[in-house]
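Here is the structure we will look at.
In order of appearance the chains are A, B, C and D, and numbering begins at 1 in each one.
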């Protein structure tokens, strides 16, 4: 079952007065936008009565070794179509504005992206690690992630050890 | 007074001991000790038998088989194994616990649970402590059971225990009132607080369950609430607060709680039997205490049936129900009893 | 001086009603909940990272272990995503078998959901009944693939084994059981005064709140929004089948429970139609041994048992995916927990956990 | 002469002579109360084991206690992550002696399919002493019942337990020496 995506022509109309928006000529054309204009674009996509992309289907990030792309899949039940929004971030210092002001339901997914990919979302209400322990070092989903497993904790009140010590 | 099997046995024993020693005090004392030993035996046996019964009843309700490997094809030794195991488990005292209160709690819980058995007429004349304010004393003693719960909950230094302690206090105090009020009607009819008189008043087949059906329903609900069993088992609501006040207890201490719980369960069943089901009365082909046992076990089964059918209520619902439905209804019952008695010219 | 203090209660990660290893930090005022903060990650196994070092075929078994009580639906979702990426046509018979399996698994999962709800409310008999009836579904799975859980049955390009006559027989027998056990639960639970009082009006949320929180699945439908991807997208053969979307009204625990009960009946309806319509033919498309999908990315979503289950796969043209992201419905739905628990009592929080129905394998991934 | 042999022939059927130790061992072996703690997939099979079709209660093992203080057996059913390792150690330490551990499923035995993940402990025997290993992914309920019966055998014959414990300690030492 193929899903419908907004075509490049439709997207060109949306582009309007956004300076940093660029559209790739692909089968599923994604919108690339700079972090500055990202929130207004999302606001437009969600609230414009001709678009109504009210459902944030998927929020994730991909590590392309030189940049980290944050990917948003928005779905509009009104148009029956998806639109893909991508934000490129600098790999050493990835930081983009949080989308929680537009889609409050993105809170956990942004925390997950922060935890596993290391992208900081400014303006997020609670930017902490969500899956890994708080004291974990590094971001596992990055391609250059190297990790030495620590020694796990050991039970001290172990059954039968006293007798063994006696013997 | 007619002599029943049990009281006859007691009389005979007393005579024999008197003949042997020649001291009436000694024979009385010996008989009391025998009685106490018997009651303690009954209580601990009841716990063992009822755990087995509970597991079998539960299995039956849940389309399962239940224990059938340990001790023959009916798994009769299963509760014995459980008890022996609990006796030999390690006794852990939490570091932050208030050690004195913590250790006292299970013992204090068991004492009132066992003490009330002294007042039950198991058969005609077979009462360990025959007092004329039996009902009064009974509830005065069993009312003490609230404290050890709170003590255990407080002393454990565990939040779940503490919440459990709060719950048990509010719940047991709320249901003490309707429990007592539901019995007032019976006390008005019999005009006595002696338990044996109450039983005797039901001779002729006119049990109080027929005279006071509303009171019976109120009594049963309140008694289930007092014994902290489903649907009112908020105290140790497994899925909410782990094991309530008992969360930190292990081994034998926990087993004492367990014992007290089943002693209370049997108490509730015996009270229902005594007040509403005619106690030891029954056709002559069986001795009185057998009838008593049959009725009590039947009531225990009914309460177990509740447990495996009903969900648990919520803490505010249980209190609302207690104060806003049970208490007014039980007072209404007292009032109605009085009106009918006046109309019949019994007063 | 009168002074009240709030206190913090840590529920979990080992707690009988947190369904695995969920930890919830409850800020309490007496028994009333002021704030509920879920702490996740106790079962985070790094599946997304592991998949980057596995071939597409090797990735499939990991999806079994995501939401481990609806493995078939996860297999289905991942297989669909890879098929879309690689452009594989699935034989029609396989599609029908897939739908049957997915719907059986949906019933299975809802049975556990309702059973644990009953158990958390203290009616353990209800759970035992649900588990008893679940075994009949597992018999069917056992027949087609030999496993009781973690099936790895729906493969890329089709299904692993044919839907045998024995399986059909078992399925028909099971379909006859469905209305019987549903009415049995109605007697035991739905008609029980205590049970209904415990869940009506508890943890209610409005449609707007649910949509704002991106909630999907039965949790969203209970608020009255009839969004079901099986209807909306009509993927696989769902477009040809006739079924309704049960919706609730108030979005409380009662509605979530009712939606699940009704969805089971609807699933049975779907399975019945599939059994009638299923054609003869192949069950597996021709899939190369070394599957190398072209460069590109795909986001494919299905209606899992708990909501929108999406797989986002980026391919770099090799046998292994470059990046896999899984949109886990339970994870997103967990955001509603705070809203659902606020102002409720401790006793209600457990029914909120079980009516939101999270599976920690999926939440933590 | 053993005490047992001094019992008259005619009473052999009715008299049981044994050490108190043996009696308690029998009790421990036949009344194993598991802690109801499930980690992942295997927990569902653990629940199934207690239900109608498999009915663990036949052996008297169905009393799943929610609180470690009253439990005898920790069934580690599922994948153990580093984040969960601390709580599980704590649970184990909260349990009163004698206590037993069953590693259920391949994740608990050796990390299973997630062994090379950054967050998964490769086998719970890194953390706790394990009494019985039950392979499978997940093991069927029959396998869990079999595992618990194996545990019963083990409790009845503690010399085997001691031998295994010694082996475990040795293996740990060797591993530490290597590291």
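Odds and ends about this structure:
Definition applied: a contact is a pair of C-beta atoms (placed from the backbone, for glycine too) under 8 Å apart; a residue touches a chain by one contact, two chains touch by 3 or more.
Note that this is a predicted model, so its numbers are computed, not measured.
Set against the Cα centre of subunit D, the chain with the most distant centre is A.
Here the CA centre of subunit B is 36 Å from the CA centre of subunit D. Computed from the mean C-alpha positions, the centre of subunit A lies at a distance of 23 Å from the centre of subunit C.
For the pair subunit A and subunit D, the distance between mean C-alpha positions equals 42 Å. Averaged Cα coordinates give subunit A a centre that lies 60 Å from the centre of subunit B. Contact of a single residue of subunit A with at least two other chains is seen at positions 132-133, 140, 145. Touching two or more other chains at once are residues 15-16, 41, 44, 46, 49, 128, 132 of subunit C.
Contacts with at least two other chains are made by residues 51-52, 66, 83, 97-98, 118-119 of subunit D.
An unclassified topology is adopted by the chain contact network, corresponding to no line, ring, star or complete arrangement. Listed by chain label, the pairs that touch are A-C, A-D, B-C, B-D, C-D.
Considering their complex, residues 35-41, 43-45, 47-48, 51-53, 66, 68, 78-79, 81, 83-84, 87-88, 91, 113-114, 116-120, 137-138, 140 of subunit D touch subunit C. Chain contact summary for the complex, subunit D toward subunit B: residues 23-24, 26-28, 30-31, 51-52, 55, 57-60, 62-63, 65-67, 69-70, 72, 94, 96-98.
Touching subunit A in their complex are the following residues of subunit C: 40-41, 44, 46, 48-49, 80, 84, 211-215, 227, 232-236, 296-297, 299-301, 308, 310, 312, 314, 322-323, 325, 327, 331-332, 334-335, 364-365.
Contacts from subunit A toward subunit D in the complex involve residues 132-133, 140, 145, 147, 149-161, 163-164. Residues of subunit C that touch subunit B in their complex: 7, 9, 15-17, 30-31, 118-126, 128-129, 132, 188-189, 192, 194-195, 197-198, 345-350.
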